[in-house]
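Across the two complexes that follow, chain A remains constant while its partner is chain B and subsequently chain C.
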Partner chain A sequence: MMTVDMRERRPEAQSRSGETAGGAARRQARERRRLSWLTSGPLIVVLLLLLVFPFVFNIWVSLTGWQINQGDWWKAPWIGLDNYQDALTDSRLWGSLLRTSLVTLVCVLVEGGIGLVLALCFAEKFRGRALLMGVTIVPMMILPVVNGFIFFMLFQSDGPVNDILRTDKAWLNDPWSALFVVALSDIYQWTPLMFLIMLAGYNAVPPNLRSAATVLGASRWQEFRYVVLPLMRPVIVIALIIRAIEAFKLFDPVFILTGGGPGTSTETISVYLYKVAFNDFRLGYAAALALVVLILLSIVGMRAVEQVEGRVKSQKEETVDE
Partner chain B sequence: MVADEHNLPAPRFTLTRRATLKRGGLVLGLTVPAVSALLSSCSDSDGKSDPNAPAKGEKYGGTGVADRAVDAAKALGISGPLTLVAPSGNVGNFEPFYDEWASRTGIKMQSLELPIGQFTDKLFSSATAKTDAWDLIAIQPRLMGDLIGANAIAELTEYVDKHQPDIDDADHGFLPLQREYASRYEGKAYAIPVDGDNWIYAYRKDLLDDADNQAAFKSEYGYDLAPATTWAQYRDIAEFFTGDGVYGAADLVSSGWSFWFWELRYASRAKPQAYYFDDDMNPLVNTPEGIAALEDLINLKDFMPKDIPSWGYTESYAAMGKGEVVQETAWTSLAKYLNSDDSAVKDKWATAPMPGTEIDGEVVSRHIYAYGGSLVVWNYSKASEAAYLFAQWISSPEISGRMTAEAGFADPFRISDMGSEQLAEIYSADVMADYIRVAETSVPEIMIKGSNEYSNVLDENITRAFAGQISAAEAMANVESAWNDITSRLGRDEQKAAWQSLKSTYPQG
Partner chain C sequence: MSRPQSRLLQTARVAFLITWTLLIAFPLYWTITMALKPKSEWTGTTWFPSKLEWSNFAEVLIPGYGDDGLSFIETPIKDALGPLKDSLVISVGGTLLAVILGTAAAYAISRYRFGGSLLPFNILSVRMFPPIAAIIPLMVMFSTVQLVDSYVALILVYGGLTAPYAVWLTKSFIDDLPRELEEASMLDGNTRLGALTKVTLPLIAGSVATTALFVFIVIWSDFVIAFTLGGTNVEAVSVRIASLTSATQGQLYGPQAALGLIAALPAIVLGLSIQKYLARGLTFGAVKR
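== the complex of A and B ==
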């Protein structure tokens, strides 16, 4: 069948002012572009100032030997990649990275697990639910510094925990038990956040799917395993990623509980960076370390996001196929 | 009775947001002026509330240091307010004197208190930003080199020459420690000392004098129980008394504190002095002396409270004050605390010269000057001379005694205060009687540029060794290596000059 492209034949309509329709469209497009630049331009400038400039400045500083106690940053000696070379062989950097990763992994998994269980417990309405929910999320509202201090007091050798356990263990003097207390304080504080996200995720699961599973004879476990969990997976993964990124920046409880000690045995990456920058005043080196950590975190974060996107996509495709 | 809402009288107040705000505003509007009036009638803007202060219009007299500061400040014709920034707990040393200063000069003062853990970061980040948010800072003098390097504090030579704070006066000048370490850097005036911070050795006199304890100690250790004269004896006494909830010592080994306690032990390890560096800035800590000083500290592990690796000075003071600790080495303010009403050992303790090390048949005993306190003028202050004058006034012989006696935790720092009966009562007569000798035998901590970094490395390795993660020898080897790196980074020649200047201020002999 022959097709005719009407666009080729249709003469351009002329406006009263003599402007063709195409010309008007182009003019409108230009105006739209101008308007969008006018409205978003200031925001772009602000973003450039707030994000790009500090980032570029950080890169520049990382290539210098700037120390605050040596004078102004623009007088700092240019040392190229020396800071990065030093970072590669800095055992404290890698030690603190490893320690932070371990604490992050433990905290996020435990917080996610408890958060999910709590979400399931609070999924159905029951008497006193609102009150209990309020109590459950209180730790999240405590200032991290205060939370750290609470755990510092709890785990003193003559503190309440030892009273209950009938021991005189000095929890904060041993690297492993000190890390345990650090992790515990983080879990105490941030499990409520995971709980809230999980609860929102659970509530987003269409009730008719769960009803259908029940009608088809699925047990509560099967309903959870094969209906709820797959649908909640993107939310769970996002919650874990967000929490992992936050937990990786763990600072306050470590600073309050141990100061990174004994020695450097509980030092997390944030505490180490803080010490390099503000105790030793080595801002050039701290900038390089921060960039190394940023790159590593970005790689891990992007991989995780890719995984989530892949899963969501395949889930959608499965749904369409069905 | 069940209330019938229709029969109830109309409420006098309705609880609405608007009504609450209106009433709140009214109450606030009436209360604030009333309270202000009450406070102003109670407070004494003439500075007469303190019986030791002369009435307004009268001169302080005395050495003239305070009057010179007041007259010069009045002549500036400014009203302030000047901002003094200090780590938490320190503003109490200064605030009680703000009204008196304001009433005499017309210059108001205000404080900004920063958490002690964030104090240095805030100072240095503000130096980078060149903010003029404050005028005076109460610092640890060891930070002077770093602050000068960061262009954060002003040189005071011009003001010192012009206003004469009598730093070196033989009768009422600053104590040798404060004069040498806490006011000058490489010979130039940068700071005005406002806190003594000599170190003392305090012990439980009642326990050491007890006849049963003396007999038991002698049979166990083979010598008489008495205040320790060597670090080995200090350990023996600690071991002897530890048990049943009592600990033999509470010397700090936590992050941020441990390096001072190592420095104290290291100071007595050589004659005439145990220096941190040689003349070429090669560290002298990875030596038998440096390692032994660390071992002295580690050897106390079993005789100190279990939480000692996370304690600061407040916990160790409190432990001795509660009678849980038999002996401590600490700042002079420990004496003030043990004599206070909070202490359960008020009349049961005494001091003795610092334990030392036996070298060639002679016991070398050294005190150290550490932490301390000086006022420095912020380089970006818009009223630097007025700020300096406040520092001169509050540290003057006319105010210094009152400051140490009446306010905060500052310790005596002027020679003229040594005979003060009031201070003898607060600190104990024997502490004050020994104060000059202590000041003359005290050696400084590392007070050159990079002090923080040198001390941090030392601190980290001491705490690791104390936790048993590395040996004392490994710790000192790590310190030596790291100190060499720091010196190279900061510039060996510049560091050599600063070290030579500090070294020249060590007491001789």
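== the complex of A and C ==
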């Protein structure tokens, strides 16, 4: 990668005698390719190191019964597909997958909904708008760990939330209310992001289209429903997908708030993977689980990523911005 | 352009904004006051601290504070200057790596459609998988080269995993630049590389800085990678905060809140300064403004 061809340093010799137009084009293409590899190569190498190696390693280890107390991984006993067989009937795996999907779905929809309403509230200028906007987006910049800790304090049985509600509920000791607090902390943290994205989407709606609707006698609701919302659709889709991708990895607040408990009732998929590897030390099994999750995510997620990509492209073509 | 709003709508809007602001402010208020509460008020519902107790901040910021019995905590805790420094080192290092690798790749992807749609697609999908799935192999990898729990390991992992943000964000900025600028410079006798370094790079410098701040916040805020891949030699501030939670000597609410606020401060200041670009960054450049 470090061998830059010296020819590149010379000025473009486009008028070099005896060179056909096709030759010049080919040379240009070659030069472009070289520059591309030169600039992208290092990133590709790092990503291969960080992704492909773990992937291959996981495949190998997942076929063994490697546990940390058995020493080095290459000495672990070969057990074939046993880990995968266990995974298929592992209720904690499927439970955590289902739970993560549920939390993701609820959080993303609530965050999107509130974000949209907030965006509409902030759409027009008013006094104190900048300040209020600053306050509104602060939660997304608090460390997720700290965010988890904050909700841990708030929902103690002798904590302030119970004080306001005049109850003495042990929020974090009951499966459903603990999951509710986890979701709430995610909503607290990430609604601001949804709001920012929605606001960007709203601002990208050409104002003349909205005033045209007004001239034609549309009501405010009609203007929103038939002009603004359809034009915001691509942005809303991107926002929901990207947030869902991130939410599915949910770890920090769960770890801090409940540690996955009580029992296993708030384990997300990341928390479960963590526990199998770092609490039970069943590393072979952890690798198998990681691969199962990877495959499932690839099926669902790749389509999501494609969506985002498609939107990015179509957005650019329409140039609906600034 | 916009018509006067109906009274009802106006009232609903104000009411919603007030409610929302209060909901946002309540956890923040509780955390800020918690950081200033004496130990007797950590648990229970003291809405207004009886006095402002700065020892919580001193505990986490001043080395050896409380060793002489000055502290109101029975067993004084270690100061968090080490974790703050470690977090700074890995965040700055990771950011530099991500931005350098990312900007370079973004150029080729934006200008030459390098890798077609496959490369940017693969780069983006990096963000899709839970990092925890790759942690064990990475630990094995780094331990074979004696780099477990080191700055190098964390910088490499953070740099690599946040590079997709840098690629996509910078790509969106380069896409905005008219290609003609470079072509003109090449007609003036510059090479492609020359046009890149002399024309494009200076023009996107500000955007690259924005990207860097953004990536910095992402790394600074992370917990799971620092927690599993670091630990003793390199302890991120998020890891220290979490360890104050699980301490067996009882919850150290006060110092924990204090350290949480200290850790959040740089992220909040930087975040507000690049407010305009947060949405763009977190959607990989898909949403502009």
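By definition in this document, the second predicted complex is superposed on the first by the 254 of 322 C-alpha atoms of A that agree within 3 Å, B and C clash if a C-alpha of one lies under 4 Å from a C-alpha of the other, contacts with A are read in each partner's own complex, and residues count from 1 in each chain.
In this text, a contact is a pair of C-beta atoms (placed from the backbone, for glycine too) under 8 Å apart; a residue touches a chain by one contact, two chains touch by 3 or more.
Keep in mind it's a predicted model, so treat the numbers as computed, not measured.
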> Of the partners chain B and chain C, which touch A:W73 in the superposed model: first, second, both, neither?
Replying inline: both
> Should A:A200 be classified as contacting the first partner (chain B), the second (chain C), both, or neither?
Replying inline: second
> Of the two partner chains, chain B (first) and chain C (second), which one does A:Q156 touch, if any: first, second, both, or neither?
Replying inline: both
>> Tell me the contact category for A:F255 with respect to chain B and chain C: first, second, both or neither.
In response: both
>> In this superposition, which partner touches a larger number of chain A residues, chain B or chain C?
In response: C
>> Let me test your reading of the model: by the given contact rule, A:G65 touches which partner, first (chain B), second (chain C), both or neither?
In response: first
>> Going by the contact rule set out at the top, does A:F180 touch chain B (first), chain C (second), both, or neither?
In response: neither
> Does chain B (first) or chain C (second) touch A:F224, or do both, or does neither?
Replying inline: neither
>> Between chain B and chain C, whom does A:Y84 touch in the aligned arrangement: first, second, both, or neither?
In response: neither
> If you stack the two complexes on chain A, which partner ends up touching A:F278: first (chain B), second (chain C), both, or neither?
Replying inline: both
>> Using the superposition on chain A as set up above, list the residues of chain A that contact both chain B and chain C.
In response: 73, 152, 156, 158, 255, 274, 277-278
> What part of chain A is in contact with chain C in the complex they form?
Replying inline: 4, 8-12, 31-33, 35-36, 38-40, 42-44, 46-47, 49-51, 53-55, 57-58, 61, 73, 114, 117-118, 121, 124, 132-146, 149-154, 156, 158-160, 162-163, 188, 193, 196-197, 199-201, 203-204, 207, 210-211, 214, 220, 235, 238-239, 242, 245-246, 248-249, 251-252, 255-256, 269-270, 273-274, 277-278, 283, 286-287, 290-291, 293-294, 297, 301-302, 304-306, 308-309, 311-312, 315-316, 321-322
>> Show me the residue ranges of chain C that touch chain A in the complex, using the header's touch definition.
In response: 1-3, 5-6, 9, 13, 16-17, 20-21, 24-28, 30-31, 34, 43-45, 47, 97, 100-102, 104-105, 107-109, 112, 114-115, 117, 119-138, 140-141, 156-157, 159-161, 163, 167, 172, 175, 186, 189-193, 196, 217, 220-221, 223-224, 228, 238, 241-242, 245, 253, 256-257, 260-261, 263-264, 267-268, 270-272, 275, 278-280, 282-289
> Mind pulling up the chain A residues that touch chain B in the complex?
Replying inline: 65, 67-73, 152, 156-158, 168, 170, 172-175, 255, 257-265, 274-275, 277-282
> Of all residues in chain B, which touch chain A in the complex?
Replying inline: 117, 120-121, 124-125, 127-128, 145-147, 149-151, 254-256, 305-307, 309-310, 449-450, 452-453, 456, 460-461, 463-467, 469-470, 489-490
